[in-house]
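For clarity, chains are labelled A, B, C and D in written order, and residue numbers in each chain start from 1.
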Amino acid sequence: MINETLIPKLGVITEIRQDTPDIKTFRVVSPEGKKLFEHRPGQCAMLSIPGIGEAMFSITSSPTNTEYMEFSIKKCGCVTTWLHAAEPGQNVTVRGPYGNPFPVDDVFAGKDLLFVAGGVGLAPLRSVINYCRHYRDRYGKIDIVYGSRSKDDLLDYQEIINEWATDSGVNVHLTIDREQEGWDGHVGFVPNYVKELGFDTNKIAVLCGPPIMIKFTLEGLRSLGFEKTQVYTTLELRMKCGVGKCGRCNVGSKYVCKDGPVFRFDELDELPNEY
Amino acid sequence: MQVNEYKPKIVAFCCNWCSYAGADLAGSNRLAYPAEVKVIRVPCSCRVNPMFILRAFQRGADGVILCGCHPGDCHYTSGNYYTRRRMALLFSMLDYLGIEKERTRVEWVSAAEGAKFAATMNDFVKTVTALGENKRLEDLRCKK
Amino acid sequence: MRKISLSNLDKAFALIAENAKLYIPVDGKGGASFKLWQEGVKMSDALNTVRSAKDFFFPQMETLMEFKTEGKNIEIIDNRQEKEDFVVFGVRACDVKSFEILDRVFLSEPVDSYYASRREKGVIVSLACGRPSETCFCKTFGIDAANPAGDITAWKTETDLYLLANTEKGEKLLSAISSITEDCDGKAVEEQKKQISAIMEKLPLSNVTTEKFGAGKTKEYFDSPAWDELSSHCLGCGTCTFVCPTCQCYDIKDFKTNEGVQRFRCWDSCMYSDFTLMAHGNSRASQKERFRQRFMHKLVYYPDNNDGMFSCVGCGRCLTKCPISMNIVKVMKTLGGKEND
Amino acid sequence: MQKITREVLIAKAEELLSNGTVSKVLGLKKGEFSYDQTPAVFTDIESMKKDFVFDDFSGANFSKYLIKETKKGEGKTLVFLKPCDTYSFNQLLTEHRFDREKVYVVGIACDGMVDIKKIKNAFGDGIVSVDATTDTLKVETLYDGVKEIAKAEVLAERCRNCKSKKHVAYDELIGEDGEVISSNRFDQVDELEKMTADERFAFWQNELSRCIRCNACRDVCPACTCEKCVFDNPNSGVQNKAAANSFEEQMFHIIRAFHVAGRCTDCGECSRVCPQQIPLHLLNRKFIKDINGFYGDYQAGEEVGNRAPLVNYTKEDLEPSEAVNKGDK
């Protein structure tokens, strides 16, 4: 019988890292200890706990990681709450990869890159950032603007300051929403910070975060002179099948699971405002 | 020789204040009642939603019995009066749908009536055993 | 072309049923439905079944897989099985067309193996519509009620059933009953086709056109103010989607049995409030958005992705079944403007 | 009795719209055929004259739409209510579902509505038009020319067993008010009760197995007004969109009927909208009959503020065991 995409593979959670008070990062491998499948930066996978449910998550680890996959998951719904209560060794089922990746090998190649993320929105971008860092010589300057509610809510903080910030040609700009003790970095919302930093427009920008942040950051970038064709984002809607058949994650005639989740803003303009 | 004796599954919803204590008393007085009876403690018989009864059947129960304080003795004054009306209507409806009416029962058992609890359970198990397996309100997925 | 006397139809059914499960439309309480043929079961004369024939390939509920869980361990059980051969007899032109529409969803990459295996095993015998109803508008979508597709096309007259195989599967089935059928010319069929075509022209909905709809019209209709009124009294029930032969949205859910977990797929409806509900909110917050999604999908989104093919076959089921009599014809006429009246 | 026609209602609406009593009219809009009517809101008399329809197919119960309609904008909504609708109206008011002040009710006499399904059962598909101006309907068919059928033969099930011609709520009446009438509405329930348990089980299996779980019965029901239905709640464990087997069909219908027990006015909308023609009213009527039999006659919606039997009790209520045996008789 032919393969069935709806039938998942078995995965094992080998490590759980508490990133922020409500975000944990789960490391998943096959029962044999190998990576479950190959993916491209920006793609997603369906994780599930039988009896609890199945949900789509972006793969946070870079494709260049040959050992395992990671998922940064915020506790907010049914499946995520259950996962947050899980312990290492827990089996999960995984299927994927789904969706289109960021065009890292063609459009992004040779360009300066600007990543703008808010909160758990860093999760899908981390995969791209690490991919680009791995093939550092293929890309120009990399700027990363990342903001969160507080210092404690910054995802992958250690990795950011120990690895990303120390790379040559990579500039990391962190910000938090409100003043906090022990924080001497920037304070303020991401969209304003992006405008303050004032990037030159000769680059590709990638946004991910809460809808309100995306909206105002896009406006900010537009005021700096960015064209919509230079700005990418990644969407999320309720999904069940992951392959464009169950009929719920469409925005107009595009399915986020199949035609997305990565969209360029000029492409989004062609779609009705229903996401 | 293997004896394949049919043992029904019975779910007994017992109110915390009277019937559960009654079941306790039956136990401490060493009054025997069949092990097929699974007691579920509820704060009041009135807590038992009709859906609980149906879901007990779905999950494989062959009989469901609901025990509460005697009318007038409810810890919350009037809970069991509501139970009485609800269950009267629900059981009548189940009967109307052709589901054996002997599979459901309401009994009032006080904390002092350990003997009544044991006798009720013995009688109920006997009745349901005679009826055999629940086929009319079953979910085959739960019966593998 | 072959023909068989109607008095011999039961014999033909018996022959077919020897090798495959045979389903025919049967009258019952609440209307006709497809039932397994057995000795003595009579075919319905009703124009169409209440539920469409999509059930045969995309059943309302089916188990996808099972899981056993123990502690932290999960075992995945793929319990897909080879499907049995089956024959569906008496499918109308609209429903046959609906299979093509479903195929484009389920047989496109990655192929849905549950659907594909049923499709592979099923033989469709279609039946021309002798007496179309006032609610029929299949002509709008280019479907010929007089000449339905399918593995075999059948025409029923007062006395005989005429059969024409269109595919290899159909040939095989016809040869299985060749002992009780005879060769014939197509005169009677031609005559009936003419009659049916004449009736189709006279139907009250024969002037409904799709001209105004199709690929690339999202911008034109999405923000139309007409949606407010059209959807204002929609109850949000799933009647239209569940009787529709082309609605294919589904949900995947888990059921905890006493032993493990059964993951099943069931029909879902874009009209339901929880269809797009996520932990943080709903992208289609009110009934207007859900209602719009259903009709935009049939008239614009689906054509966008499928070479202009519409995802409606004009079977008229939603016209008869909607509790508030709101339906795709009214939507098309309202959005399309006067010309469609 | 004054025959209520479209013209009479339009004239009344014109009067009330022009003197400012109401700002909109909740009514039915004509459809593609002579029988398919869609609820609509009219704010001006021109659009009413164009699209408003009222005839023997105007059976829909409008009371539930008032919940949504009264929340929109200022001004009163005019609604024409048949006697049976007024019971649902009162029941909704009892449950504080909308503001009485925002509705202007014109009670209209009703001599029964026609069910298109029954016409189709009699003449088959292909109904071009139906003339229902007299007690003999003239049905134009595609294939058999014009046929005639007595209105009494194609009356909707609920109208055949009409329980009351009396309006229990109105601001104004057109025509004379009727009386509560003794109906035979429990006859079918009696018949079922007289069957053996096996026969009853077979009867309901045949009926309920056709259910496609479209939820139309629930969504149309004027008593089902929960913000979130238990069957839509993922945490309830019963949120299933398809009935996997006969258990879930039974479960859904028992619970649906139970949740409206004591509040159901027997308006019959559930059976009217069922695409599979399941006689759902027989479940509701069983509860109504039992309530009447066990706790004394009670008609939901008869008066605003009545306490429903399931949120009430007496110390002398009969025991569930007695109830089950009483149901037999």
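Rule of thumb we're sticking to: a residue touches a chain if its C-beta (ideal position, glycine included) is under 8 Å from a C-beta of that chain, and two chains touch if they have at least 3 such contacts.
Quick caveat: nothing in here was measured; it's all calculated off a predicted structure.
Undergrad: Going only through chains that touch each other, what is the minimum step count from chain A to chain D?
TA: Steps on the shortest route: 2.
Undergrad: Taking each chain's centre as its mean C-alpha position, how far apart are chain B and chain D in Å?
TA: 37
Undergrad: Provide the C-alpha centroid distance between chain A and chain C, rounded to the nearest whole angstrom.
TA: So the centroids are 40 Å from each other.
Undergrad: So how far apart, in whole Å, are chain B and chain C when each is placed at the average of its C-alpha atoms?
TA: It comes to 46 Å between the two C-alpha centres.
Undergrad: Cα centroid separation between chain A and chain B, in whole Å?
TA: The answer is 53 Å.
Undergrad: For chain C, which residues are shared contacts with two or more other chains?
TA: 251, 255, 268
Undergrad: Which chain D residues reach two or more other chains?
TA: 234, 244
Undergrad: Counting only residues that touch at least 2 other chains, which ones in chain B make the list?
TA: 141
Undergrad: Okay, what are all the chain pairs that touch?
TA: Pairs flagged as touching, ordered by label: A-C, B-C, B-D, C-D.
Undergrad: Considering the complex alone, what residue numbers of chain D touch chain B?
TA: My answer: residues 189, 192-193, 197-204, 230, 236-238, 244-245, 247-248, 250-251, 254-255, 257-258, 261, 283, 286-287, 290-291, 294-295, 309-315, 317-324, 326-328.
Undergrad: Note which residues of chain B are touching chain D in the complex, please.
TA: Interface residues on the chain B side: 50-51, 54-55, 57-58, 71-72, 78, 81-82, 84-101, 104-106, 136-141.
Undergrad: Hey, which residues of chain C end up touching chain A in the complex?
TA: 64-65, 67, 69, 72-74, 76, 78, 80, 82, 105-106, 110-114, 116-117, 218-219, 222-223, 248-252, 254, 256, 260-261, 263, 265, 268, 270, 275-280, 283-284, 289, 293, 296-297, 300-302, 304-305
Undergrad: Please output the residues of chain C touching chain B within their complex, sorted ascending.
TA: Answer in residue numbers: 255, 257-259, 262.
Undergrad: Contact residues on chain B for chain C in the complex?
TA: Result: residues 59-60, 141-144 of chain B touch chain C.
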